[in-house]
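Labels run A, B, C and D following the written order; every chain starts at residue 1.
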Amino acid sequence: MQNKTTTFAKQICAAQASAMRADKQMICMGLGIDDPKAIFGTTAGLSEDFGSKRVFDTPTAENAMTGVGIGAAQAGTRVLMTHQRVDFFLLAMDQLVNNAAKWHYMFNGQLKVPLTIRLIVGRGWGQGPTHAQNLQSWFAHVPGLKVVVPSKTDAVGQQLYQAIMDDNPTVFIEHRWLHNQHGDVSQIRRYTDRSEPVRVHATGEDLTLVANSYMVLEAIQAAEFLTKLGIRCDVIETTELNVSCWKPVFDAVNKTGRVLVCDSAHQHFSVGGELVASCAEQCFSALKAAPMRLGLPMHPEPTSFGLTSHFYNTASDIVRQVGVMLGRELPLPAKRDTPHDVPGQWFQGPF
Amino acid sequence: MQNKTTTFAKQICAAQASAMRADKQMICMGLGIDDPKAIFGTTAGLSEDFGSKRVFDTPTAENAMTGVGIGAAQAGTRVLMTHQRVDFFLLAMDQLVNNAAKWHYMFNGQLKVPLTIRLIVGRGWGQGPTHAQNLQSWFAHVPGLKVVVPSKTDAVGQQLYQAIMDDNPTVFIEHRWLHNQHGDVSQIRRYTDRSEPVRVHATGEDLTLVANSYMVLEAIQAAEFLTKLGIRCDVIETTELNVSCWKPVFDAVNKTGRVLVCDSAHQHFSVGGELVASCAEQCFSALKAAPMRLGLPMHPEPTSFGLTSHFYNTASDIVRQVGVMLGRELPLPAKRDTPHDVPGQWFQGPF
Amino acid sequence: MLRIRLIEEAIAERYSEQKMRCPTHLSIGQEACAVGISAKLLPKDKVFSSHRAHAHYLAKGGNLNRLIAELYGKGSGCTGGRGGSMHLTDLDAGFVASTAIVANSIPVAAGQALHQQLRGETQLTVSYFGEGATEEGAFYETANFAVVKQLPLLLVCENNRYSVYSSLACRQPKNRSIKALAEAIGIYSLEGNGNDVREVAARASQAVSHIRAGNGPAFIELHTYRHREHCGPHFDDDLGYRPKEERESWFKRDPLQTVEDILSAIPHWKKAKASMIEKIEKEIGEAFDAAINAPFPDSDNNEVYVYAE
Amino acid sequence: MLRIRLIEEAIAERYSEQKMRCPTHLSIGQEACAVGISAKLLPKDKVFSSHRAHAHYLAKGGNLNRLIAELYGKGSGCTGGRGGSMHLTDLDAGFVASTAIVANSIPVAAGQALHQQLRGETQLTVSYFGEGATEEGAFYETANFAVVKQLPLLLVCENNRYSVYSSLACRQPKNRSIKALAEAIGIYSLEGNGNDVREVAARASQAVSHIRAGNGPAFIELHTYRHREHCGPHFDDDLGYRPKEERESWFKRDPLQTVEDILSAIPHWKKAKASMIEKIEKEIGEAFDAAINAPFPDSDNNEVYVYAE
């Protein structure tokens, strides 16, 4: 059963509702979760459907509230928490890292923490230095956390559902520009019917593009454009940031011998860095060219429209870099007609 | 002027005293900074010499106190803060990342934050899951922060002095096992007389060892042992975790064609990963074998003596890995006679 | 106060042109707080604020042209386009910084006060924040430290009863007095009607005297109300998150109206006001013209100032 | 209480053998707090604690053998050697967890209480912590949330006047009453002599009735004193960080002595006590023997339980 009438945000909503139906004890909390804007529409209707005991707003106290989520989760209540920006969640690192990530291990399997934390990455319309950070590599560095970085409407529902129903603390990082992405409705399946931690969106012989979060969409566009030029690329999405799940990436790179990583965070000490390193370690003898990555420059996102035009990488940057790696000057895709700081014409600011 | 009577901890003390003399307004704060144990002796005498207005203990409130440090620093008071474990400082990530790291940039150069934060990495004697974390890769990922990871008594004084006198927020990460390291006293020099962000401890033709923090000592021992086997290694220390300073590393790898990174933190999404990635990117055509790294396994440090015997990498593990990279089975250094969970016989626990 | 209102109304009017491309939190309805407090400050006193900072910046003497240019993301903005509405600064005016993370400029303000204390200066530092910020540990930790150290710090809480769309009910206990809480932490604490500029000034005067006399920090809770949406230019009462009666009773107590009621008794007030408005509107018009005509900063300099030299 | 004291004295005595290789914070001197509170708890009530958790664990009925084995890092320890002294658990006894980061188990305890409330259970949750922990925002944020939600949570603050070697002077304002602070946050708050087990039990009884009646959280501040060094087995008064008079006056009010003074009036108390001691020492001896003889856990399993299946 598929149709064309859903969005990324609606699928996120649907996943939460499915989980709350599947686990009658599960709770959802977060600042503004039940307010008129419903976290960019991603929690619309939940408090009406499941009641204010199970879906509730909280004080502005990210650190303690995360601890509360951990406490309820280890006691046996499945918990989903939502934060409107990754940046706000910096206040809760102690609870996340010293408690959530470690309790199952540290208490020798006697306790577990079925807690999912939704974090949203801002971008554009002047989000600026403290509303646009994606700290995915921080979370991925911490043993005991699962890190899921969705990108596509067809899969995000199942991915969130699985994250929630998983008995481990999971950080689920949504890019704000994805919420309005249209796509096919896809049924939420059983928990055991898992979707893959790595998704292959295209296959090719010439080069492997590996991407995460919003950059997956750019990589897919770049690959489509490159196909027209006769250059065939893999497009592989690392939805789960866990090296032990990445065999499909290494298989692909062993096949093409060329890898370009398209990361959605700052360039250095990053997920992109880990991918380049892992490919170098695992695929060395197959590599025909230096593995490369595109990431954000090592400075904060400035606020001004005039300063951000080249801050983020687009399909065009990917194509240019592929050209570099193949030693050819390639034509670039046409410039987009939406302003560079909004996800589409529909967006009228502010976030 | 050199002699043999100093330790790493004493040099740290000396650097702070020098800085407080050089900048008469500078302050030092931190839990227990003026107590009888003086942060493992690293702050001994400071409050007596400079008074309790400039050197003071604080409430247990890592987050706000970091903000206080930032506020005083941007106002023009040079600030040094000390935390007994990296793990405790997780509470202060908002202040560090959203304020300290960003203010100079975000306010367009009008403000600056001459703040240094000393963090200590625990290890052994049951430090366990929440007293032994080294989150250096987190800090290195954040633009605007400087990250300094000292390892040797001969340099640590100058390194800390420079970090303090630098007008940027600097995270200075000391490994607990280094504090008792004996060595030559070296004079603290002027600020402008900077020591190098990358140090070369040995040079060789066969392989490049790159290490940070306590692992530098293990790498040096491994290289000495390997020399006896006729295998000559570079030993390069990345004291500053900033890719743009790492040219000496790339030069060395371009020379040897083989690189083994010896990291002091968890293996993945790490500084070690960044080094492998950067070497793969920058030295691809010179590489003769896959670049490799040794890091901590992706689980927390367990507490029990019985569980930690293989948790940390030693010179022996480095030698073994070098053998793998050279395709030869090598003899290993003799086992040490100190228990594996203490830095030396002098240590009688607890930390 | 009138000036601030007119400036923010001009921002609101023009925001929909989509040229001010950054999240913008207007202070309309809460101006008396900033104006009443600033009336008792000296130029060398320092001020810190939150995401809702325009009034605090302007009342402290922050440069208007540089504010408007900042909203337009121009090079002539107070942070050259880097910070936007949520990150203002005007060091000449003693307005040090506003930040976008709830409560996180409060400890920084305490650090400024510590600096002042260490230098033996007679300056003080003001930290403005909303009642939502008092739910963060950062507020509490800072207040405790400020008392321990007897810092010259004035904490000003504008209690507008809402954090975005969230009412107090889900965030703070019924009958919570933030003033009493601050008192229990150990701070000299006051409370007042934040919509009455004279009352605010009176409380500010008490607090400032307390601090300047070397008695340590002070705290003022000011009850007030925001008129527009949390972020953006519009009224949003169609959303229904604020009870109609509550809203109407607060709108009736508009701080400008309160002042107007008094001033209108003055002979020739109407005329004086009209000429004031004319002058202000001219200033505003010029600020907008300048901002709109100013060039964007050069993104080639994006790498500059990541690190201080 | 006597049992806890004897157990901890045995730990102290043997610690220097260097076989218990983990940071260990003894509760000696503070036992009356744990014992008085636990007297009013039911087995199904849950308990959380901090780095200084032995007394809380034992008083709630935590298994002695598994505690001692844990200190020795053995597979039979309560976390199989993974957590050590600072990370205890005994789910059968309702002792959920202790943690090593100051104040960070307080919000987790509130989460447990939220779970209880959601399930409509009549259980309550206790969170023990030191006065140092009340300086952390986590304490304050949790207390606020607990009142907003009216959680069945009992916060117990053992005020032993020191955080490691730091006296209150540099951490909290003079005349700070933590009880009054908790009250201003909105919690039903009590205070008492933490060295008098009967007084603790009386306060616990009040607090527990309040909570079980569905009136929301309660807070108790207990004044007490630690006898040994902060971390480790020794007395450390040679370091001079605690005034001699203060120390002596508190040592005189040793909670065991207080009880002894009362019990000694009972006929045959001496004999009864001696036989109690004999029984306890046997139990302790067995626990140590078992721990010492138990094998270390197998480090080949170090990868197990990073993630739950």
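What we mean here is this: contacts are C-beta pairs under 8 Å (C-beta built on N, C-alpha and C of every residue); 3 or more make two chains touch, one makes a residue touch a chain.
This structure is a prediction, so every number in the text was calculated from the model and none was measured.
Chemist: Once the contact rule is applied, which chains count as partners of both chain A and chain C?
Modeler: The common neighbours are B, D.
Chemist: What shortest step count links chain C and chain D in the network of chain contacts?
Modeler: Contact-graph shortest path, chain C to chain D, evaluates to 1.
Chemist: Where the centres are mean C-alpha positions, what is the separation of chain B from chain C, in Å?
Modeler: Roughly 41 Å separates the two chain centres.
Chemist: Once you find the CA centre of chain B and the CA centre of chain D, what distance in Å lies between them?
Modeler: Centres of chain B and chain D (C-alpha means) sit 35 Å apart.
Chemist: Centroid from C-alpha atoms only, then distance chain A to chain B, rounded to Å. What do you get?
Modeler: Spacing between the chain centres: roughly 31 Å.
Chemist: Which residues of chain B are in contact with two or more other chains?
Modeler: As it turns out, chain B has residues touching two or more other chains at 58-59, 61, 63-64, 87, 90-91, 94, 98, 105-106, 128-130, 143-144, 297-299.
Chemist: Residues of chain D touching 2+ other chains?
Modeler: 79-80, 82-83, 87, 99, 101, 135-138, 141, 144, 148, 170-172, 306 - these are the residues of chain D that touch more than one other chain.
Chemist: Touch graph across the chains, line, ring, star, complete or other?
Modeler: Graph shape, chains as nodes and touching pairs as edges: complete.
Chemist: Write out the stretch or stretches of chain C touching chain A in their complex.
Modeler: It comes out as residues 16, 18, 21-24, 73-75, 77, 79-87, 99-103, 132-133, 135-138, 163-166, 170-172, 231-232, 239-241, 295-297, 299, 302-303, 306.
Chemist: Enumerate the contact residues on chain D facing chain C in the complex.
Modeler: 135-141, 144, 147-148, 170-173, 175-177, 180-181, 183-186
Chemist: In the complex of these two chains, what residues of chain D are touching chain A?
Modeler: Counting only chain D, the residues touching chain A are 46, 79-80, 82-83, 87, 89, 91, 96-97, 99, 101, 104-116, 118-119, 137-138, 141-142, 144-145, 148, 304-309.
Chemist: Please output the residues of chain A touching chain B within their complex, sorted ascending.
Modeler: Interface residues on the chain A side: 63, 87, 90-91, 93-94, 97-98, 101-102, 105-106, 128-130, 133, 135, 137-138, 140-144, 241, 243, 265-266, 268-282, 284-285, 287, 289-293, 297-300.
Chemist: So in the complex, which bits of chain A are touching chain C?
Modeler: 31-32, 35-37, 56-64, 87-88, 90-91, 125-131, 297-299, 302-311, 341, 348-351
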